[in-house]
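Each chain gets a letter, A, B, C and D, in the order it is written, and its residues are counted from 1.
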Amino acid sequence: MEVQTEVIVTRRKGKNIIKFWHNYRQSLYGLIGFVILLLFIVVAVFAPIISPYDPHAMKGEVLLSPSISHPMGTDHLGRDVFSRIVYGTRVSLSVGFIAAGLSAIIGIFIGSFSGYYGGIVDEIVDKIVDTFLMIPAFFLILIIVAIFGNSIFYIMLVIGLTTWPQNARLMRAQALSLRERTFIMVARATGESSIRILFTHIIPNGVYPVLANTALQMGGAILTEAALSFLGLGDPNLVSWGKMIYQARPYMTFAWWTVVFPGIFIVLAVVSFSFIGDGLQYAFNPKLSVKQKEVSA
Amino acid sequence: MSGFIRFIIRRTISIVPMVLLIVLINFFIIHLAPGNPAQIISGLEQPSREVIKALEHRYGLDKPLVVQLGIYFKNALKGDLGYSYIYSEPVIDLIKERIGATLLLTLTSAILAFVSGTFLAAWSSRYKKGILDSILSILSYVLYAMPSFWLALILILIFSSNLRWFPTAGMFNVRLSLHGFARFGDILYHLFLPVLTLTLIQIPVYFRVTRSSIFQVSRDEYILTMTAAGLERKKIFNKYVLKNAILPSVTIFGLTLGYAITGAALVEIVFAWPGMGRLMLDAVFKRDYNLLLGIYFVLAVCICIAILLTDIFYAILDPRIRYK
Amino acid sequence: MERILEAKRLKKYYPIRKIGRRSYVKAVDNISFSVEKGEILGILGESGCGKTTLGRVITRLETENGGDIFFLGNNISGINYRKMKNFRQKMQVIFQNPYDSFDPRMTIIKSLETPMKLLNIGQSKKNRIEIIRDAMEKAKLTPAYDYLERYPHELSGGQLQRISMLRSMLLKPSFLVADECVSMLDASVRAEVLNMLLQFRSELETSILFITHDISVAKYMCDRIMVIYAGKVMEIADAKELISNPMHPYTKALISYSPTISPQKERERFTIAGEVVTPIDPPPGCRFASRCPFAKGICRTEEPEMKEISPGHFVACHLID
Amino acid sequence: MLNMPFMRLKKVDISYKLENASVKAVRSFSCDIEKGDIVGIVGESGSGKSTLALGIMRLLPPNALLSAEIMSFDGKNILNLNQDELRRIRWKEISIVFQKAMNALSPVHKIFTQMYDVITAHSSDIPKGRAYKMLTELFGKINLPSKVLNMYPHELSGGMMQRVMIAMSLIHNPKMIIFDEVTTALDVITQGQLLDEIKRLVKEFGLTAIIITHDIGVVNEVCNKVAVMYAGELLEYGRVKDVIFSPLHPYTKALVKSHPDLRIGNELIKGIPGSLPDLTYPSKGCIFYPRCDVRLDLCKDVKPKISVLGDHIVKCHRIQG
């Protein structure tokens, strides 16, 4: 009998994933974003194979306009713009994933603890989150990077450490409303411990908006890194899209391609993450409460 | 009405801990930064022993950390933000000179974005699921994803370098010394591209929030009541849907200002706009921490005030808020 | 008779923040009662009268501000979470909203099995599943696996509420709080749930605190009924006695306004005006005075004492001697 | 159309188009309403009663499909009216009061503003001063103080808001008002007060009313006729005293039996086993067949015809008319 239940549970879990995908597909944007992101991942992983030239090699002629041998032209040092963009994908994607991932983890924990336990700790967390949300995080990131150094790990870490309040606020709101839900009361009344409730009920049920927001934050992190690089604060050892724009700016008026192409890729990457956020919202939109609505209607 | 005044007082008080928190962040950054805090505050590369002594005394740097924090608070709230190392001037004076230009840019674009974003949302919601709606929606994603500095560069490329319609840089023409109305016009002329850039990148936020809010409000029960009562559709939309649907965008107006001011700083650098962005860039390059922290503090306080004002405006629009 | 639960002068105040002075909603104010073994005590009142708060304080989901609760001879007021664990199995609760009583991400079997596991019922998972299946079949939720493998949103409200009752009953509690457990259900399913509750009572001799706003349901279910208004007890009596011989003006109004399907249509209404008041910093005197058609001077200055007017029938009203 | 009743509905069908299914919410609903009637439409959740009300008002959402043989009101065919004609009929001839009074008015406009807009929607040349006087008078009739006009919806209690909505429905002296679950969210006493009010107003204004509810008790309190709906179909229709006190349809009988009542003896109430049929599928036989305890073989595949016994209508194979 035990076996039978187990089988059933796993079967249902598989079904959930299918259902998730079914819902996700409802969003055309989500689908497009997913495809673009897949392409970007492929480009990032296979950068050495895809790029026709060494991104650092200053072999070609200076400021060549786009042609067959240099599809996106060359920059002021004769480096192939396309190859540099391909390598830049690595930086942007890793900044997006790691910074936003960190931000999500911190946000989920702080938000769910503070929302579920409430009390004075919650009030303090709420004030801190409010403050962080109002004040432009970018300036804080800028200051910290300017003072403490600008390696890519530092940049990711700082972005993660300064953007969690958004996630914390979403998670806190979820925890606050879940706390009043009947099944949480039931769990308390049947003696489940607070930690257990937090990890088996609150976080699994409330994490969805945070995940959708994380997709958006991945795009945000890419933009932040680009802006830092544009200010000359990017990692000096890496090729990044923002840095390409920064370096090409003086030559912009007679070599538009050096500025335009990297920018287009930034936009494309950020848009794909926004699209995915859109798709996730469809997928997570809990239709579980449909019946409840029918009753109250 | 006393409820309203009480609300304003309560909101004003609630700003205080935020300002304190910002000061706290600044304080910790100064102390965690490499180098001697006294040196940072002095704004000198190698301040003399006397200067350090004097600063240590003035800012209580020889006292325990808690006392230092207290002194730092007192100074910051008085507007004493230390000296700038590159300009050898009090940070607060440098900021005072430039904050006007930045606020002009930020507020103009924020208000324009609010108005046009809301208008576009109202307009496109009439053609729900049509082509126009789809185009606007995709456009909103793209604009949202656009780095402000890159959009600024592209606009310069098109409108200044190629078409030569607008100037590439500055706030006014330094070669002409215009006065009165002509000067005002000149500033507007210079303002156009930077404001356009900033407005464009902010429109998506308002557009999307208002659009989904119109969609939601249209399904609210009171709209059904009004329809049942035989009100004309146009009147229902213009009076009842819009006023209710605009509330979320008013809320985010304050919260978006932080985003706007970030964009503004970057755009200022591209357009050589004589605001805080330029100052910030200099500070970054020459590692003028004091100036950086000062800028951060002042901007944060400005945003807090702006949010307070939007909250009050919101309370005027929504009668429910005062009693919460 | 064995006394299962006794509440003495229970209080629960909620602070309201205002600039200047602190106000309190006195949701439960000095309420005392007791429940005997196998008895169903009805707590009857309108929205906001404090009946749900009372249920939550008793089940330790909220902490009281004063008073004592004796459960199976132990004082459980102010008891900490760890110690309460020993009583969890003995005291269960069923809530109003069946759709929300189950974690939407868990199958029914998981929701049923978890509390049993936590409270050490059944030797193994297999054993527990067998117990659950048997209980399901006894409650005519058959075939059991048809329900157990499902997610809550795939079941109807009536089914969920019956499973929710089953979940509590599997723990064999000696005391059950049923908080408006049928108010969200349709008439045709409501009867099934009520009858199931009655059946449990007779099988397990479980005492039930039956919280409801519906006097007709209270009459059907309860042995005794306690009427509360704005956080205070107005009247308490044997169910039949209370309905046939209500003494308190509020009880009279409740009975008079309750819709009925009896043919004698033209009854005389015992009319009262106004709406339910929230007890925020309530003035002295009887809480019902502001709406009572017979209120005298004393009703607004002095709080009425509980008086026993016939054996087991208590009323808090100045007008009754 | 001389011998047409005041309102005639014949074979009204309403279905909602969903993503990959269509829900038949109302199926072949027919009934006649005479002038001065107070008709209760009673049914459980999912019975289609509220959808029917929206259908009569022609206020269905865009994904709903309405078709009917006849839908006439006061000699007018309301099935073929265009948007503008509908707009002119709404509120002048028929008005509706919704269940959730709290959400039925815009939260950011004062009540007077909204009332005034409703006034000017049909008579544009009324100055504000006169409208104010008119509304004060109207509010007086419903026991509402005129200061309510200067308030916002959130400042009122549920009962007050429901009164405001009733006042609003009366502004243009309509011939008919539909009350859609207006007392469902209210407390017993407030509900009773409001029902008394409605009864009085219907007489005073010479109205015809439809009262939609899930509570047969409410029907018995105010209505003279009742239509029993189940899963979108009308199963029984007639005078209250016939339908409730000597029901013919097994569903109505079961519904009455599942109703705990204060004034009827302490007999056992009984639920109806099973649950609502899936409305996405067309039903071949009697809609109540799966839950019926007196079903015949015939009921499974053959739709019962409407049997007319005087002014009592039943849809059941066991009843021959």
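We take it that contacts are C-beta pairs under 8 Å (C-beta built on N, C-alpha and C of every residue); 3 or more make two chains touch, one makes a residue touch a chain.
Here the structure is a predicted model, which is why all the values come from computation and not from measurement.
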One chain's C-alpha mean falls closest to the whole-protein C-alpha mean, and that chain is A
Chain pair with the higher count of C-beta pairs in contact (A-C, A-B): A-B
Quick one: chain A and chain B, Cα centre-to-centre, how many Å? 24
When centres are defined as mean Cα positions, the distance from chain A to chain C in whole Å is 48
Between chain A and chain D, what's the gap in Å when you average each chain's C-alpha atoms? 50
Contacts with two or more other chains, residues of chain A listed in rising order: 295
Hunt down the residues of chain D that sit against at least two other chains at once, touch-wise. 45
Do you know which chain C residues sit against two or more other chains? 156
Looking at the complex, which residues from chain D come into contact with chain C? 44-45, 157, 159-160, 187-193, 195-196, 214-218, 220-221, 241, 244-245, 254-264, 266, 268-273, 275-276
Of all residues in chain B, which touch chain A in the complex? 17-18, 21-22, 25, 29, 33-34, 141-142, 144-150, 153-154, 156-157, 161, 254-255, 258-259, 261-262, 265-266, 269, 280-281, 283-285, 287, 289, 292-293, 295-296, 299-300, 303-304, 307
Residues of chain A touching chain B in the complex: 29, 127-128, 130-131, 133-140, 142-144, 146-148, 219, 223, 226-227, 230-233, 242, 245, 249, 252-253, 256, 259-260, 263, 266-271, 274-275
Listed in rising order, the residues of chain C that touch chain A in the complex are 59, 61, 81, 84-85, 88-89, 92-93, 95-97, 99-105, 107, 109-111, 114-115, 118-119, 125-126, 129-130, 133, 145, 148-149, 151-153, 156-157, 164, 167, 171, 184
Give the list of chain B residues in touch with chain D in this complex. 220-222, 224-232, 235, 239-240, 243-244, 247, 317-320, 323
